[in-house]
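As structure tokens, here come the structures.
In the two assemblies presented below, chain A is common to both, partnered first by chain B and then by chain C.
So, the complex of A and B:
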């Protein structure tokens, strides 16, 4: 009897301890934050769209969005996107009522204005019955105005907090960052998820910067390196990411165009795939009797950068090897005549196109932005450490004048299924 | 009378588990803070030193096959001097176990259970560990034998998956104008393997087999290879300045693994869960060693050892919960390890020398 009582007591105790959980939060009580937009304040983000909203008036909402501060000024407007899971998938595309998450919308965008991100995050708790949860955060969009002021302070909370993920993708928007979250994509319920998946197309499209996440940016900032972040723009129901924002240390200094991003990716050996189009040379035109365009579908690239310290001034040699398929011809008709000699000339023409693009981009970045986004500094630091020791302090002066020689070799592997 | 017998391969699991405890989360930060991007080199050299020091401890234990380390110390030093010699080791094992509980709870609170109070985690972990220690070395050996491969495999997977995002140029240039710092970091590198002394506590429970020493060296080798590989890969992923900014680089590393597709998105949850097992194995060994120290120090009978486990529970909980230093606890932890490493490096060789001299004298006296 005594033994049975002891066993029952033990079972009860085990049940008591093993079934309890201090950290239990019901799944429906969490606000799964998918995207964050960071704008400069003032002006107030989302003025335009609020006027035609059937929800609260702008004045009423602004009263909620401005929080009392312990210290500092209201510098930032942080907008978070929360999915309304009950409404997701049941709302047909295009029926959302726009930003702010009005009736019928599958998301709720809450804006908070303040001086520090953790306090804005906590202030949001006074406006929702849900608990913000950042482990599923997909994207952080920073407006150009904020980026030009510097992003080190902006990112501190997102790196420091253990709930944040270092794989969160960062974007820079030339206009209002909140407007990107307000987009109602045609094929997806949540604009943040939609945006997070676009860089996965970088194996086919080389004009967007991929693989730049929170962790990498923080690494660059810790190392004192310059870097680029993808640019993002939006209409009411479309988002486009192409081009890049150039950062010197942690402050944005300008933009790279779509083609310049292609060159950047060739130089830093991050070109996963894309299309290069070039005009045929005069020699080729004489052969075909026509002037036209030819396209190369890039399959593989390999870039090697060699620092050269012999001689008066330091320089770099960039060797880029490209493999691809002859993908298209416009206004040239080689049907049945695509000979080896023609392809060799095409390879040279593609190589010339890439070479010019790279040289032009390097020159622009050196002279206009003076930002070492290619991390040439890292090449000297790791491959010529003794030399780097001598020039380290003068790198800011050396970089804009650095001579860079670009050599490109292109090899055409296939020509599709026709000759 | 020691009836339980561990197999020689259990020497490997127990020693390796003891070495790789809570430290596995922050070993990289400590090494990089001294030797920068070359932090992995002194860790490897410290591993060789640990092999040498471990051999000495092993040899000392074989000289007294029926005694464990604290008993050997009292046997050689006598009742007073032996106990005096034992005091630093006794304090170290007790504090190391308590601080390990605290760090363990702190990490779990940060990464998994942010609302659970530290005392709940500490008390639960102490009770579970105490239960295993209460059951004795044979049960500890069995539990470790099951947990050991899981923990080590996850570290190997973590290292392999991190290769995808690693940039080897971050560890270059190797040894460039940094030799002095690397040399300075050898002893701190050695300190990361302080669990090697555990052999002194378990050898007397092991089957007498020629392969014992080989398994012991394999245990040290596993710890050295995994620590060095983990440090190299962490520097390759985050760069040296990046590692310096991270308090728990191993967990951050598991949070950083990236696949082009949405595969293995939450790898850190697997790492964190299996790390609980890794920490548990190590803390269990140190808890056991601390109990053995008390047994020898107070001359407690073997059959009453279990009561000392009960005595340990409130002491360990009190120490673990009374530390209110947050992340400064990691500094104290390192300080504790460095104090003990000097103890290991000087006291144990001295004991070997004393034993050999005494035996030689005895032999010559007997010959006369």
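So, the complex of A and C:
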């Protein structure tokens, strides 16, 4: 009896290990996809020509890029960026091989053209010895053409697959998305990693949209909210992200400029820090001279939006409180004379600057794009639920006509380390 | 236990004697009861000891009547100055002076009491009336004195043999604290305990174990603190030991522990008298074995093995930080290689991207899977450690340098292993030394291997399974009725004062509840609120 149970236990234990090393793929035999660029296919005629002149033998390359399809049309071109670890300077820490660095690119961009993203992903397996691995995916760059068609279909695979992470950052590129992955940044081996780190500077620069990751965007899409995504542009060896793409539902409708992004971040209370520059007022000019410029380094902001439903038409009041550092002055000289009265005037001037910017931006978004990227809808829904029920169906009509009052208060709390 | 017994294992003795009949054994040559004749008694000792060169039989005559007397002792175990100055001098010379002063001769029937009462100038004497008992004392280094006309033998204590002096314990060094450690002599060790605790309630009971070795084993406890059931249990378990020899307390430990199959030690081992007394005062029982400088303290919980002697001597913040470090260290030592293998083989997504890429780059030229690599390196480091322990100290250091630096570097350069693996193995090796208890550290090192296998075959899922299994095993262990994982499991909040964090001494006014001490209060206190 004892012996029998021992044998049974042993068999059960062995069964535990009989699965072998299920799912075991060693770390070095995976292809770490760092970035994905999604372009429209076929590209615009103009762009196609550019491609032809650059690639050595376009036909031959395209032979691999185009896959056989079960169904559908070749609508998308997906480019993945995988690192070539032997050539990457930042990672090959003297294994006695190659010596790190080396010539040629440290990344490999593989393009696949097809109808569905999962089939393109698996088709790539026929072209690499490594197995694509998405858990370290940093960025997805969507070209404007694709974004204008709508991104819900594009993102479906990236949120459905179990290997995907919700913290992937999304960007929209006005030109070809692949060109951003092709950039060779100077301080980093992989352009995708480089790009993914730029939004972390948003505590000091307010002109880019930060914290728009895949999970959040999918939430917005599913709840029917409008939203913005950061815009990214590239030259041959530089990447710049600033400004934003405006999405109505899941389709892109236009762009916000750098300054408009600043205003957007003030309104939605996501301004982490940045610089506001303004001209001095006439009153101040009398004291210090003409044509002065003063800069405010924003340290803290707090925005409160109050819906007002009394009266004929609904309206909103936006109160923005800004605390900042009197950071710089150009063409004026207040050395040793920086008095409280002057600072109060400066505060007013900064407030006026921010107020104008916000009002202009709101008007543009209301009238040009009719997209509620500020989520005013949410304010009404949570703060005036009864009223929201009445207007819910007409919101599309109400939003562009919504009266918005912006009040900005600026307080200068520091004047730097000189007076 | 008797020292002279007939037919110790009758069954096998019979079978063996049929094949090869043995010569008459000592026990059967002579009658074992003592007689009144010195000559006959001496014959009985000689039956056993005559062939041994270190046995000394000294016959002499007492007083003017010339009463025959004899001494039996083992040379080397006795202090000869005592024999010369306090036994022979008194019996052979001073008793004659006494006789002449008094003017009467000591006759045969008064000889025994005269010797005992007037001639022996030694404090510690015993009167024994069986050969067995006398033999036991003689073999322990005392002197048997026979006087004609009495069937009793006087045992004179004259023990004195070469001993190692008290030195600093090597396995439990401290920066702050007493530097003395136990030695191989039981009596010296008990003296060290008495020096540390003058409470007359401290009981030192001795039994002898081992059919042939007759090793003295002492168990020590403080009456009025130690739970009586615990003392009884210790007595019972010691009594069950049936072996022919006991050389070291490690043998006793293995006989009395609760789960001999477990890799985890269930008895605390220490070389330090201060730790032993601290244990006694908590209500535990210490077991000292003659010829072994290691004392055993029971019961012992897991948390004992994380405590260093210094924890109570250093300031409490320092001790608390160090103890926390030891707990973390033991987890690192046990689970790091398995977790590493699991992450490398299954879940690179756990790592930050830069690190994943860096590890992938360093592993690009390694031909083995992470599992083989880990086994290879872990085994190498165990080999180095074992070699270092066996070699003389000076060469041991050299081996450490060769092993640690040269082999590690060469293995990476040769493409057998990745630098990350070397780092993991080194970290594991170092952290496994942070655990003060040597035997507990070994246990953690052993369970690392099955965990690596689990990690390599089932990933983090396997490592977690392993963690759960280890924990189930630990909470099910008991040591002399005490839960091994107390005060964690079962949770005993009042004992947490001296667990991972050691609170200042003013908070530690009660003894740990987990030992069920008879007296819970270390000092006078209000009654426990219920």
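FYI, the second predicted complex is superposed on the first by the 373 of 419 C-alpha atoms of A that agree within 3 Å, B and C clash if a C-alpha of one lies under 4 Å from a C-alpha of the other, contacts with A are read in each partner's own complex, and residues count from 1 in each chain.
We adopt the following convention: a residue touches a chain if its C-beta (ideal position, glycine included) is under 8 Å from a C-beta of that chain, and two chains touch if they have at least 3 such contacts.
A quick note: this is a predicted structure, and the numbers were derived from the prediction, not measured.
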| item | value |
| --- | --- |
| Which superposed partner A:37 touches (first chain B, second chain C, both, neither) | neither |
| Between chain B and chain C, more extensive residue contact with chain A | C |
| Touched partner set for A:222, first chain B, second chain C, both or neither | first |
| Chain B versus chain C as contact partner of A:166, first or second or both or neither | first |
| Which of chain B and chain C A:385 touches, first, second, both or neither | first |
| First (chain B), second (chain C), both or neither touched by A:412 | neither |
| Touched partner set for A:23, first chain B, second chain C, both or neither | both |
| Which superposed partner A:133 touches (first chain B, second chain C, both, neither) | second |
| Touching partner for A:193 - first (chain B), second (chain C), both, neither | second |
| Set intersection of chain A contacts, chain C complex versus chain B complex | 17, 21-23, 165 |
| Residues of chain C touching chain A in the complex | 343-346, 348-349, 353-354, 356-366, 369-370, 412-413, 415, 418-419, 456-459 |
| Complex contact set, residues of chain A against chain B | 17, 21-23, 162, 165-167, 200, 203, 211, 213, 215, 218-219, 222-224, 378, 381-383, 385-386, 389 |
| Sites on chain B touched by chain A in the complex | 110-117, 120, 124, 169, 172-173, 176-177, 238-239, 241-242, 244-245, 252, 255-256, 258, 260-261 |
| Chain A residues within the chain C interface of the complex | 16-17, 19-28, 30, 32, 34, 83, 85-86, 88, 90-97, 133, 135-136, 138, 163, 165, 193 |
